[in-house]
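Listed after this line are the structures, all set down as structure tokens.
In what follows, chain A forms one complex with chain B and a second complex with chain C.
Right after this comes the complex of A and B.
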């Protein structure tokens, strides 16, 4: 992609021609209309500025000042992937390196589940029918960009009445590169009626250089389906990460999403759970542990469109250094959505005087029989609890670790997939020790 | 064992303790009584090393060492224990983990072997009986959702596990019903031995029927204004604190 330095290249016709050129290099051109519409939306939207409501408190200049080149394919040995896999997870593994599908790492796929590289299945009716329907390009510039330039990613279709017992793990990894690169991972997951799927997405980088991952995941949980998602962001120290996660829930379906942001210089997560079926239930939880000058923006929307839908949302963050977190959580209850039961909470611990959090819970309610609660806290580590532990002989550093860990465990403990939970637990321990050591030093 | 000399301490620049002198020997039980706001709890917190309190004058020698120079955890390692007036809730940390971590922290600092989970279970079951607590407490977050009585029994449970030489009980009797009071007192008495010392900070005489002190000290406005034996506590029970206040006021004129 180009940057603001070269404004002359930022003309609509140029963008359109890029997309055409990009598309001609692909197998199928069946997404032409979608891509053209997306790039037209991008041209209209432009890169976000701080004048945009959704980016108000963020300066996305790091994303636009850099000239990003499309990332080139690279092959990685299994050993190089190891730090980003879950040792005990007996799952279906798919790996994407620099945005390119790396089929050599794909494990056996059981029956009842259709898994493919998205670029190979553009023409499938299910893909045509659903791709880009949830992740609208009309108001999100980076989603528009992803849609115009998407290529690889996973397409998953779980057939009706099939419970896939093996979790699917998708790893998107960006290798070190001197030239800043960009990739646009794109995933489409359809859990058909009365099916069950457990999905783990990991985004990681191996280098210390700047790169940009601009991911979009669309999930459709049809009636009575059950989908559990875990997302782990372990981008490199200069990695930029924008991710749009859109889920649509059918009647009596349930979806859980657990998001862990540990890496990256700039991370922007959009998470939207759209409860379109009566009695559907969405759980959206997140955890972030930041240090240095990391910036993480979590922007969530829980859309209650039908009656009798419970939703649960808990985001927790630990911030050290001069890191910055923004949480904007909106619960939107449509007029029709009587008996909504929505809970939202954002809690933060600041470990340093220079760390900052902005939290903005929002309720927009049009129904009258509704139970909604929300809250936010920002504070320091509880000095009294620290003293209590110390007074029992536990050294201060360990006492701090115990308290931070207990705070994080509230989210980690909700991850039901044991091998992922235990690996996450180790990662977060290491991370917390690192953050605390830096701030104490 | 413990010698407090001319201790001045306060919080945020306001002095609360205006020169405390107190000597406690092994094998002794001292009660510190006094009305609310007299500085009893401040003294307890200062002895345990709460950072919010600063010592401006005086010294505290514990077993020949400068107690004030030690971090709170070092004090615990050296055998000092404070039963908190308001035990702190720690969500997400279960009692078993907390107790074992504390015990092993002490053992590690003393170059002793750590207790493994199985040995710990044997040990803790024994101690739970002492405070008549159910094993299910071990799985609950520390103090979270505990009743007042449960919190205080949990304090004594910690004392039983950590086996301090100097125990300071800060209003452990407040908010307890007769049963809980009996359990707490029984626990303290059982844990007591001639090589140990106990300081009982209390507003009421009630607890002292069960934990019988060798000495009773009355604190008023940050000073110990009167000391005596256990009959002093009974006198306070009968007459309240006013007569001491008056007497003290007359004395200082």
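Right after this comes the complex of A and C.
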């Protein structure tokens, strides 16, 4: 019902009334104007097509053709969540099941940090001031849908001069359901001046049926703040995942973002780091290991609006089966952003005849005192390295795995949270064995 | 800052060195585009029915297409902006009046015309003796004189204007016309297919190495005209040809449209080397006037072991929109693209290449150097596609940009699509500027800033300039110097 049916069958007035009906089921209507604007934007934009430059070579039809119902709340036992948590991670945990906040799983929250379910704090001035400001709905159809139908999600405010030592782990999980369901998780994170926060987002699904998670996360890192984000995509085999991650960086702040995509049938990630303060630094890295007919699309934008901002971007991928990976990254250097130092790289290894990679690393530069470069490679494992290992008595299959693992380690090794890193490491090992076995079989 | 303002001013007021107008009586069609105009052009050129039909088919298809500017914003990809083009105000056919029957030899060519070419530095007669370059000069829409025809004929090479080829070699034209760039390809190619007025035709028979470099010189002279030329180069099995193309246009306040199509066909073991030096009028510092250079260039490596190499030096035009491409169909075929694009003043360039790997063991190299100065916007846009059957395909792409001044832009948009696991594709790009320390170092050794810039820029472009034939390399180096005059304060 939530505007996820073929748009030809629906009229704009229909959509508006749906939003009103949806809203009346919530407590409070303080977001009415925002929701109305979003649905109007969605009606104007329509679903993206392959003719759109931002969706070129992507086939979003799976997202559009299916009739989705809003996902219903469900309760899960701790044991059911276990596969998606990190055993040694001593953190603050929040769980959302089918897009609904599950407070029973929330752990204790230390001082200096406000954490709440977004739906409970719509009226807070900070939320009112920032929600929907970074994730604009004017040209992103799915973000518009999220904004119109958003409900639960995480709101975090780290107070000035507070370094939150315990990492925050947010788990969005979708349970098995016979009919295709949709949820619109929405997160707003504000790290105030001189604060520090470490965040882990996990998106997962337990079933094998089709469902759609359409998530939006907005992060504001104020002056001198430091924010580390890790995102794990472990959606179910038929899961559809569209996520928009928008971060804004204040003066001398820093933000790191690491994305690991292993699950999902269709994944689209928009990641946007907007360096709005002088001397801010953004790091955006990603890794994907795909099999079967998985389709992963990473669309990133590192926007340098002020001078003296370094940015680093590295995405790596391993593709088996008939999987498809798309990488589109852009470094945009404004005229004012002199002394920018930006680097962007995308590397891919194709393991099977039917896998396909599209990559488009882009530079858009309007300042002259800059150091910007990018690169992209698509290839296979290095024959010489393989031979070197084999010559030392390591069987070929094992040697291949070592090299693939080394390729992945470049990104895994950058994750600073040890419990997450070691868990990730195991997950990726299993995945690589799986891909490799399938493609050599 | 004041010195920069002064430089800007001198530059704005300094003359485009090729901006004179030749005073020749023109015979032209009334402005506007409709089926009658197409019939008029076709009749003027005494074309066979099939060609008229082909033109009309292209025109009817063009009518169904959307102007790239009028597409939805989210579907527009080119980094260029320009006001709407009124296709009904363009003159689609303009010919110097006394060229009606075509000159039989150089002596019959209007002396004014010859003087024009003198000014451009391509004296036809002198070249005939010294350079050994056969020139097909296209003035507005009609090919004026072709030198060295006899010498070429002895080798079996056909090199003539497109109109002549339609009369004398209709079968060849019919076989290859539109086979690389179909009339449905894009908006401007469709327009060209409907109204093309002339161009060059070149056929190198089996096993022949063309004894000399072939050259075409284009010039837009008449006001309100568009130039829609069409070039077709066919290299039969084992043939080799090096083809050069140069362009200029007079200074005018209004914009002029140039929508050309170039098709190259290389069969087994054939090689085509196609070099362009483009110096159309770029407009002034306020963006007034200048040529819209919307060109479709594509080569098909149809045969095994064939090779097509594009080299371009683009210094002119208000807007350049051009992607010389290679379809690497034959096994072991090779595609190359070497490009220098300069945008100064208010110029915009969106240029690059497409390498489509279809055959086995196909290789491609792309070297692109973009230089932006003053208010110029320079974009490299290139596609590398490796299709499923293209085993062991290999591509290497390098795009370097240089920014001179803080008002300009340099952009890189590569599109890479790989569907074969044995392919190896690499892309790298860098952006840099001319360092003050470099200039200082040169100044200290008694080299003026202007010369230092020219030296550094020429060094930056060396890999591309080295690919140009000798005569062009010299001209290109000079052009780079002229285009960037006054851009460093």
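To be clear about the criterion, the second predicted complex is superposed on the first by the 432 of 441 C-alpha atoms of A that agree within 3 Å, B and C clash if a C-alpha of one lies under 4 Å from a C-alpha of the other, contacts with A are read in each partner's own complex, and residues count from 1 in each chain.
Keep in mind that, in the parts below, contacts are C-beta pairs under 8 Å (C-beta built on N, C-alpha and C of every residue); 3 or more make two chains touch, one makes a residue touch a chain.
No experiment lies behind these values; they were computed from the predicted model shown.
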With the two structures laid over each other on chain A, which partner does A:396 touch: chain B (first), chain C (second), both, or neither?
first
Residues of chain A touched: more by chain B or chain C?
C
So in the superposed three-chain picture, is A:355 touching just chain B, just chain C, both, or none of them (first/second/both/neither)?
second
Taking the superposition on A as described, I'd like to know which of chain B and chain C A:410 touches: first, second, both or neither.
first
First (chain B), second (chain C), both or neither touched by A:82:
neither
After lining up the shared chain so the two structures overlap, which partner does A:384 touch, if you call chain B first and chain C second: first, second, both or neither?
first
Applying the document's contact rule, which stretches of chain A touch chain B when the two form their complex?
382-385, 387-396, 398-399, 402-403, 405-407, 409-410
If you look only at chain A, which of its residues touch chain C in the complex?
45, 48, 51-54, 57, 139, 335, 338, 348, 350-353, 355-380
Give every residue of chain B touching chain A within the complex, in rising order.
48-52, 71-73, 75-77, 81-82, 84, 87-93, 98, 101-103, 105-106, 109, 158, 162
Contact set on chain C toward chain A in their complex:
72, 74-77, 388, 401, 403-433
